[in-house]
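We call the chains A, B, C and D, going by the order they appear; numbering starts again at 1 in every chain.
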């Protein structure tokens, strides 16, 4: 383990930024932190989490896939892919770091999504262990330890500085490159910090939330549960939950006529939208109940079904804070669990 | 207040005046209430909640709910009644199927404001004598109610219910000295470059989640032009600055003269974009150009874009 | 995918002189969908059209772009040529290469570039064009005229003369209107009754005209060619078919306290009455407000004396429904209530009268049998003061009056002054005016006669106040030209009160969805070019309901209006402009935004059933556009937030395609 | 070195009855105006949807002008009155967003005013040219 003194944080950023682009949470002026490219003078925000999740780095909201040029009756297809430049994301929380595993399951298994892979290969993730979790946090429900996040490098804030630990080759390389700023240390301070965090985690209102009643193999039991009607009745059908979610991975592909060619791009889609997966015959899920159910069944049943029990939620709590009508996965899980016991 | 509302709802359910009640149901935390329909006394007693965090405007749900069998009771705050009236004027809701109870309102709280004060890990919020005692896993703190009041409530335009079947609490007055156009004026006073920079900064955060549109009582189209592939302007994501501008300008234009300034768009924006400043610009301009007009106040009054005078100012 | 043919016209050298037409045709031949592109000397010529027709055949063209002169010039020509070859006319678009390119640009290169861009825009539009069919609707060959004054009578007579059925609906017991109350008419001074009553009789006797007097319009539905009107025939309590108009009942009626409206209330009439001797129809009417029998069941004298047995105390209002192809508003006017001008003493001083009242005081059939006597003491007035512009030409801040000029007052006052001076040369006549307006044939000569020949004192100035001063009236006024205050002791003061549309006009306008201005005058479809039509198709305007007019003007407008009505009724079917708005019911949310901006009332709403999710049925309110009424302005398309409303021939997508092509 | 003069792209929406005829009049009288102006014929100025205006800017226009009948002369009686209100509000909103107000305009040009048409277009072109390329409402995808 390596240690960085409090005063040298900025030097660390400068050193990383010299090698490659560095992104870290910065207060965006609305009281919220967002990942921003570091430049001299940028102030790192210690806010619990960013408004938007870190998935944007690997799966951006919109992305060009290819272009077409038409000349008379001839159509040329232009590959617009370019090798991504190396970059570092600093300050990723445990939940978001765990979300990358989920996205990897989707995009790195065959057929591999080359656009995603390109970014993933070139990105180095430095996580920051949580010190002040909020009431909306429930990563523990999914076996995520906020006090010991994953990532290429894990960072803990301790009393007199930061402790860093490389977890992967990419992480080793990063720490090696900034070795001049670091000193060796043991894990005592880290353990103290972890204990403190875990004590708080245990006191959080959602600490006891369990995945009982949801998970693999429960499609039949849960699909026709009557509670979906009341759970979904206030849903506005907006995409807020989807777009702030670090694990939602659906996209739509569209063509844009630029006037001198066609750009084929993909953009995030939301299963809450009425035109989600609309096909020639129409829409497979015609009511908001069905769309709502799809989102939660996917995260809590279908995804685990297809991925060895791994849930499609990391408990980051963004949807709890952002849903315009305060409906969320926690309320869904609790309602389903309660009804199941009856 | 909650007790009185619950009592009336139970009575009206019991005597058959209504068969359903549209209100708010309890959440996980003291502040995350969800709009909900209650059909039985048990459901009501179990889950009905009303407190300072019940900010959601319930009127838009009536488009769907008033078309169902039986009468529905709805609780409307003063600002919600304007939306209700506007929906009525646009024939979007069926008045006969709705029983409106107007509820007095002195402003709603915004939990984001509490969180911005560093209050994380909230486990309880208690209101007493104009103060909130906020309990968190990190300790408790007392906050003046007005410090936690939602921005839109600080600029409240009216405490008067423009429509109701009965009232719980006092009916207020139109707030004549409300300062809701202050920020619009500040922006107007800037240079075009400053304004451009301001709006780029705000709108560039848009993630096109459509929360503003879907919550908006004026945005009640069967299908939005931006969702309709045949409209020629459909867009699913704001690919660039143009599309961000396009969506928000056209949305504001489409609700111009119909927007009651309920403030839901800004409340729900996950990116904290002050969308109400677009709508208020149109409202302010319409007032200045064509005379005072408050959408939803009088359903029989012609909206500014539905009429004209020979001597209107030039564009 | 369309198969588009492009035809670039040289227009001699008009286009080819500045635009490289061959280059344009060549460049456009590469556009997607273009299968044929050529240039030609004169596309509009017979051989040019032939060329187009052959190309349509040979290349199976589905769309045509002509690069030529303005579409305002030859669009119709090319559409016809296409239609002759079986191609829908609306698949033709014009790129205006003459007026918008060759005639305004000098540089060949730039002009050619612009021509290519305009050609591309037209091609982009044609790609999205759809064949449009002009709809047809049948025409009910009958007209309704609302109002039986001189305007309504003239319009009805002219329509009937052309061979079409006409119904006149008149709310009072007789037709004739205001003109029947007048004494003499300017500038010829012939007696109004002498020229009007024969027309009334003509109307009554015309086999094609039906007069529904003492009737009111109740409701109107439908559109041009196909109106359905409900008419309320108010109970007269006299059977029209039996009454002979002998008048015995009116003589024997013991209740003689009803004010006689025909004589402006100067005398009384019976509860059963015939308004005047030449009334049409000449039948008695019982005034239910005064009739003792109807009020308390005691009397019944008229019933006893009526030899024809026409009296029917049990008569009820009757609603009849008729179908019409066109409707004429001829609702006329009334003088404003002069009481609002308290400073002139009207209503408090009996010898202050309005001009219309003076007409009755001077009329041989009036309350004084034509001898001018003042109302208070029935004495001859020796000094008469006329006050002009009472309630006319007021500033915006004057809420009592009207902003417009009532147009007729200058002339009738000259007439009154002249008649008084002629009949009673010992009478002094003063006229206080702001301006004297006499633009009409023989009008100014008439006015000058009043001044020069008859010695009427015309004084430019305002009357400030009229007060009772013993038996006389004290008139305070200013003489603006002399710059002095005047005090005149007058025996009679006559107010030239402004005229305003009849009070019923507004509600009738609403029924007809005909637009009105802020003064409640009906708005014409175009102030210069369509002065007798309402913007709502099938609604026509006759007389003062459209704006102040004198009798000659009213009659000529009434005839013009009849000509327009005949134009509609003469057709068996009406062809509609196919470029009209239409609403996509799947998108429409029934909010009524479009209806508010439609100048024609072409949009209506219906509740329709739609399929909802999971085999449910939803009822939604949706707009529908009547293509026979819509004129295709497109105001609704922008008012519609959901994009449900679109305009055929100028759809959102077509216009955006043009925008794209131009900005590319 | 050849200096290419910057030429703005101008879209002119002209109502069929007055302004399009006015443009024809300008042509008949050989009254020139810059070729940058391209006219789109609409039945009435009230047919112009704010979406068309934004679309034009997106696709590369530097200025958009709407020309209709003089108030009171609308072929459809009220169309241009609605245009006037809608555009007054839209232009004010664009200004509020910091987008140059001079890039948009409404003008009343009758069928008889060919000279006014030519003068207005020339003047509008000069105004837009002075502002330079539309950057604030551009869509980079549509630029070559």
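Convention: contacts are C-beta pairs under 8 Å (C-beta built on N, C-alpha and C of every residue); 3 or more make two chains touch, one makes a residue touch a chain.
This one's a predicted model, so the numbers in the text were calculated from it and none came from an experiment.
Write down the chain pair with more C-beta contact pairs when B-C is set against A-C.
Most C-beta pairs in contact, of the two: B-C.
As a test of understanding: of all chains, whose mean C-alpha position lies farthest from that of chain D?
A
Indicate the whole-number Å distance between the mean C-alpha point of chain B and the mean C-alpha point of chain C.
Between these chains, centre-to-centre, one finds 46 Å.
Taking the mean of the CA coordinates per chain, how far is chain A from chain C in Å?
That pair's centroid distance is 69 Å.
Would you mind pulling out the distance in Å between where the CA atoms of chain A average out and where those of chain D do?
About 47 Å, centre to centre.
Roughly how many whole angstrom separate the Cα centroids of chain A and chain B?
That gives a centre separation of 30 Å.
Which chain A residues touch at least two other chains?
Residues 256, 259-260.
Among all residues of chain C, which ones touch two or more of the remaining chains?
Those would be 597, 639, 652, 656, 660, 663-664.
What are the residues of chain B that contact at least two other chains?
If we look for residues of chain B contacting two or more partner chains, we find 223, 225, 233, 239, 305.
Pick one for the touching-chains graph, please: line, ring, star, complete, other.
Complete.
Which residues of chain A touch chain B in the complex?
Listed in rising order, the residues of chain A that touch chain B are 28-32, 34, 48, 51-52, 61-62, 132-136, 200, 203-206, 230, 233-234, 236-240, 242-244, 252, 254, 256, 265, 267-270, 273-275, 320, 322, 324-328, 330-331, 334.
Spell out the part of chain A that touches chain D in their complex, as residue ranges.
Per the stated touch rule, the residues are 256, 258-260, 263.
What residues of chain C sit close enough to touch chain D in their complex?
Interface residues on chain C, with respect to chain D: 70-73, 96, 98-101, 103-107, 110-111, 113-114, 117-118, 121, 515, 523, 525-527, 535, 579, 597, 599, 631-635, 637-639, 647, 650, 652, 655-656, 658-660, 662-664.
Touching residues of chain A toward chain C in the complex: what are they?
70, 72, 257, 259-260, 286-287
Can you check the complex and tell me which residues of chain C touch chain A?
30, 32, 613-614, 660, 663-664
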